[in-house]
Each structure stands twice: as C-alpha cells, then as structure tokens.
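Below is one structure, written out as structure tokens; the observations come after it.
Chain nomenclature is as follows: A, B and C, assigned in order of appearance, with residue numbering initiated at 1 for each chain independently.
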Amino acid sequence: MTRVIDGLDQIFVIAKAFLLSLLAWAPDWVVQVVSSFVNIAAVLGVFLVLFALISVFERKILARIQNRYGPNRVGPWGLLQPAADGIKMLVKEDIVPGGADKAVHFLAPIAMVAPAILALGVIPYGRNMTAFSIDAGILFFFAVGSATELAVFMAGWSSNNKYSMLGAMRAIAQMVSYELPLVVTVLPVVMIAGSLSPDRIVDAQSGYLLEIIPKWFVLTPWGAAAFLLFFTAGLVESNRTPFDLPEGESELVAGHMTEYSGFKYATFFMAEYFGMFAVNGMAVTLFLGGWHAPCAFLQFIPSWIWFFSKLSVLLFTCIWIRGTLPRVRIDQTMKLAWTFMLPMAFTCVISAAVWHFNSGGILGWVESLLIVALVYAGLSQMLGARKHLSVRTYRFAE
Amino acid sequence: MAPLAGVIAVSCVLFSLGLLAVVTRRDAIFILIGIEMMLAAGNLNLVAFWRYGPHPEQITGAMMAIFAMAIAAGETAIGLALVISVYRHRRTTQVEELNTLKG
Amino acid sequence: MSLLSILPFVVIAVITLAGALAAATLPNLMHAALSLVLSFLGVAAFFILLGAEFVGLVQVIVYVGAVAVLIVFTILLTRPAVGPGKGRNWSGVLVAMAVLAGLLWALARTTLPAGQPIAIAPLTVLRIGQTLMTEYIWPLQAVGVVLTAALVGAVVLAMEEKR
C-alpha cells in the first residue's frame, strides 16, 4: 500500500526516469541535455495550462464578486474561453507605432516573459520535483526578478508615447521600491533554515507537533508577519490590483503595454501571470511548507497535489483582493513601501533571531510576538492612523 | 573550463572597450557606462585569477570581487545623482559644455 | 582542450564583447544602455563558468537589476540630445587601441598557470557567509558605511532644491 502511495507521489519522477532510460545508449551530455529539456517542457506545459485556467477563473470569480456571470458561452461553464482568447490574440493585426524603436519594441515582451519563466524553474513542486535544484535558488529567483524591471522600461520607452513612458516609470518605481521588502522578508526564513536552496527550506518545515500541527514558518509570529509582507510585495511586483496603477485602464490606458497588440500583448499578459505564479509559488515554498501536508495522517495524498492546492488558495486570494479593493495611488504605494513595510521587514528579522535564540521555547514565542506586535502598533501610530474615523455623510445632488 | 589566457584576454578587451567609451564619448552618462564596463572587467580578472591561482580554496578573489561590486554600485549611484544635479543647473549633459571652471 | 569545453567560453565571450562594443560605439543612448545590460549578463555567465555562482548571481542583481536601471532612469530624466555628434574622436580610439595592445603584450609575456585549475569544493553561499563574518568582518562593516554614505549622498544630490 505504501508502495502505491509513494509511486503516486513520485509519478512524474518515475515517468521522467523511464523516458531517460530509453536513451541509455547515448553519451552522457546528451542525456543531461534531454533531462533538462524534459524538466523545462514539464514546467512550461503545466504552467501554460494553469495560465489558461486562471485567466478564465479570474474572470468568473471577479464576475461573481460583482454579481454577474463571467464568460459562459464558450464551452461548459465558459471553460474553453482561453482557447477563444488565444485564437483572437493570434489573428489580430500586429501594429507597431510609426515612431517606435523597432528592435527594442520587439524585444520587450520577450525580455519580460523570459525572467518569469526562469523564476519558475527553482520552485520545488513536490518531493524530488524541482526543475533546477540550485544551491543559491532564492538568489537566482531575485536575480531574474530584477531583470523584469528593465523589460518594463524597454516597453515603455520604445513605444514613443508619453502615457506609456509615464506608466513604465511608475511601474519601475513600484517594482524597485518593493524589491527591498520582498528580499528582506525572505531573510528570516533563510536565517532559520540555514540555506538559500528552496529544497532545504522546504525540508526545514517538515515534521509535525503532536501529529496535527505542521512546523510551517507561517505559524510562527515572525513568519506570519513576513508572509503577509511577502504576499503584499508580491502583489505589487506583479502589478496586480490594488497596486495596478501603472496599467489601470481608467488611468493610463494600459500603461507600458498601450502600444502593443495581438500576440505581443498576450505575451505581456502571460508574463504578468507567470510572475504572479512564481511569487506565489515562492510564498508557498518559503512560508507555507512547500509540498508538505498539513497533518501527519494526510500524508498519503501526493506532495504535488498539496503544492498546487496551496498555490490555488493563494491565487484565489489574489483574485479575491483584486475584486474587492480599490486602487492605491502611486505616492501612497511608495510611502507604504518605504515607511511601513521596510521597518516591519527588519522587525521580522530581529523577531526571528530572538525566536531562534530561545531555541523554540515558550519565551521565544512570546518575545518574538511582542516585538512584532509592538513595532506594528508603534508604526501605525506614527504613520498617521490618528485620523479619526467619522460617520460617513452623504451629499446628494439637489 | 575556459583557458585562463582566454578569460584574461576577454577582460583586457572589455577594459579597453570601457576606456574607449570613456575617452571618445561626449555625454556624461556614456562615460559612466564606460566606467562600469571597466569595473566589470576588473572583477572578471579577479575571479579568473582566483580560480586558476595556486590557492583557490582561500576564496580571496571571489570576496574581493563581491566588495568591488558593492563599491561600484555605490559609486554609480553617486555619479548618476551628480549627472542629474548638473543637468538641473546647466540643462546639458555634454561634458564639453561643462567648462565654467576653466580659467 | 576539447571543442565541447571551449564552446561555452567562446559563445559567452562573443556575446560579452559584442555587447561592450555596441555600448561603446552606438550613437543612440538607449541602445547603448541595453547593450551594456547584455555585456553584464555575459560577464555574469563568465563568473558562473569559472565556478563562482554566487558572484555571478550578485552581478545580475546588482549590475543588471540596479546599475542598469539607474542608468536608464538617468537617461530618462536628463533627456540628452540624441543627435549625430561631431564625428568620432579618433585620437581617443587610438589611445584605447594602444592600451589594449599594451595589455595584450603584457599578457603574452607572462607565463600563466596552464591546464586545468585545481579542483576545489564548490563555493557555497554558506562558505562565503562564514568567511564574510570571520575573516572579512572589518571590510564588511566598512562597505556598509560606504553604502550608507552613498545612499544619503545620492538622495541629497538628486533632491529638488527647496526654494
């Protein structure tokens, strides 16, 4: 029975080993290259399907939040809508503005989607199921994240359009400002786990207290705060509402993507969603225990199902937030990053250090919780939560 | 593994291309681009000699490259802030026009 | 040296030098900045080829993610004239060629360690962290002070003057 469970858990690893065994006659480097290609193809295949599904689910969930049906004409419950969208995007005319910088205009979508796909390569999707297991995996993730900003700039500049340029500048200012909280909130996790490799970080969250409480980092005081900060910074990095001022329709048409049509626009769209998948996947890996089950007796369910379930919960939360919250102004976004999130992120580091220093005793938990709570309360007071909430008054047109 | 002479030759060419950018360009930002290229060439040299040197287990070369990178980033920030500040006063970044200190 | 082991080196070298040449000679500032990014990526690939993966990744984060974005932002904020200039400064080209010739002559005259490098354990981030905190603690603190000074200085220099 355990063999069946393990086989189901490792089904993709076994399939890949079988594929490679068909090539046993080939020299070593051929087997390595084919192995890498199989990994890449698997990751791309899974995430392209997920992208298609999420695009239709987002529209349907947003629609239900707004008390209407989403797309429901193409296929059962509208599930074939991505196919219709894909065909539409592919057959649209590709318009390049006359004064645009042709080479840069062409390269910008490619430069935007390549780092997003690269970032998907270091996330562990299940037991022994990381596409590329690098020793400094987290660092690689942030390195490719920082390459996205240049692509946004290329898109905005090459369109020769004031509004594109403005949108690109806002987008880069947002992305650069939120990189810091993103990186600093990962620091406590790396510190406690002792490694930059996502596989080791997932291993550090294994085990259960009393067989039902998992040892995930999100269930610690510093981990909960760090998870919230990381999730918010991830929303900003992917330019999702409520931080989507750079590409809001009522603000700047489509910001840096204004002058793109057809397949190039679809590529930008795909890059944004892949970025969202990558950041949420990393959040699952760092804080929510990766592919571990929440209770000891639920471990018979394969690890990759747990990973994708947690990822789905986070994606649903992203879509839910998009349907609920209004847009944040650009100066409010900057202020949030530099005056609130950065100090809170540093507090998480100190809190994690205190927790670790007390070797997980009850004093460590209490102290780290106190540090996080007191700094949060202090920052809220200092940053102008002094505005008194008054009764809302309405003015009607006479 | 790459041959050491090849890597050093590449870093020499990169350095002289950076020098070319510094000496022939008229715009202050181009000059800063050239300086960045020279710094990158120097870092490449450091890491190459660390790897092929007699004691690569003392990771001196890689550490020096990391520190040099940090300092280069700080210096670029200051240089570009200066360029922006000069532009605000003189409305130009062409270095030939920034000659009001001339006697 | 087999072809397979020298092929990555040649490809990365060509990319790096082509990017650097484009950055040094293109008249359009934006294209030059983007070619510079290409050459930085090539240098990062060199670092990874030489076995210093951490240094290569930090190169991407610091140079491509920060320095290149800074350069691009400055180009944006200063809007320099992108006209065809007064022609290339050929004496400058001569100087650069002379320096290159001198460096390559010095390279040809030195006897470099030949053959494969000494095999070492892979350079892990743990090792770098331990070395930074034990042997290089004073340079680390000094770099921290320098970066803080650079941060404050850049903000002050680029601030709008209050009238």
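As a convention for this text, a contact is a pair of C-beta atoms (placed from the backbone, for glycine too) under 8 Å apart; a residue touches a chain by one contact, two chains touch by 3 or more.
Because the structure is predicted, anything quoted here is derived from the model rather than measured.
Pairwise, the chains sharing the most contacting C-beta pairs are B-C.
With every chain reduced to the mean of its CA atoms, the largest distance from chain C is reached by A. In terms of their C-alpha centroids, the spacing between chain B and chain C amounts to 6 Å. For this pair, chain A with chain C, the centres built from the Cα atoms lie 30 Å apart. Averaged Cα coordinates give chain A a centre that lies 34 Å from the centre of chain B.
Of all residues in chain C, those touching 2 or more other chains are 54, 58, 66, 73, listed in ascending order.
Listing the residues of chain B that touch chain C in their complex gives 1-10, 12-21, 23-27, 29-30, 32-34, 36-37, 40, 43-44, 47-48, 50-54, 56-57, 59, 62-63, 65-67, 69-78, 80-85, 87-88, 92-94. For chain C in complex with chain B, the touching residues are 1, 5-6, 8-9, 13, 16-17, 20-21, 23-25, 29, 32-33, 36, 39-40, 43, 46-47, 49-52, 54-55, 58-59, 62-63, 66-67, 70-71, 73-75, 77-78, 80-81, 85, 88-89, 92-93, 95-97, 99-100, 103-104, 107, 112-114, 116-118, 120-121, 123, 127-128, 131-132, 136, 139, 143, 146-147, 149-151, 153-155, 157-158, 161. Within the complex, the chain C residues that touch chain A are 4, 30-31, 34, 37, 53-54, 57-58, 60-61, 64-66, 68-69, 72-73, 76, 122, 124-126. Across the complex, chain A meets chain C through its residues 29, 101, 103-104, 134-136, 139-140, 142-147, 149-150, 153-154, 157, 165, 169, 172, 176, 179, 194-196.
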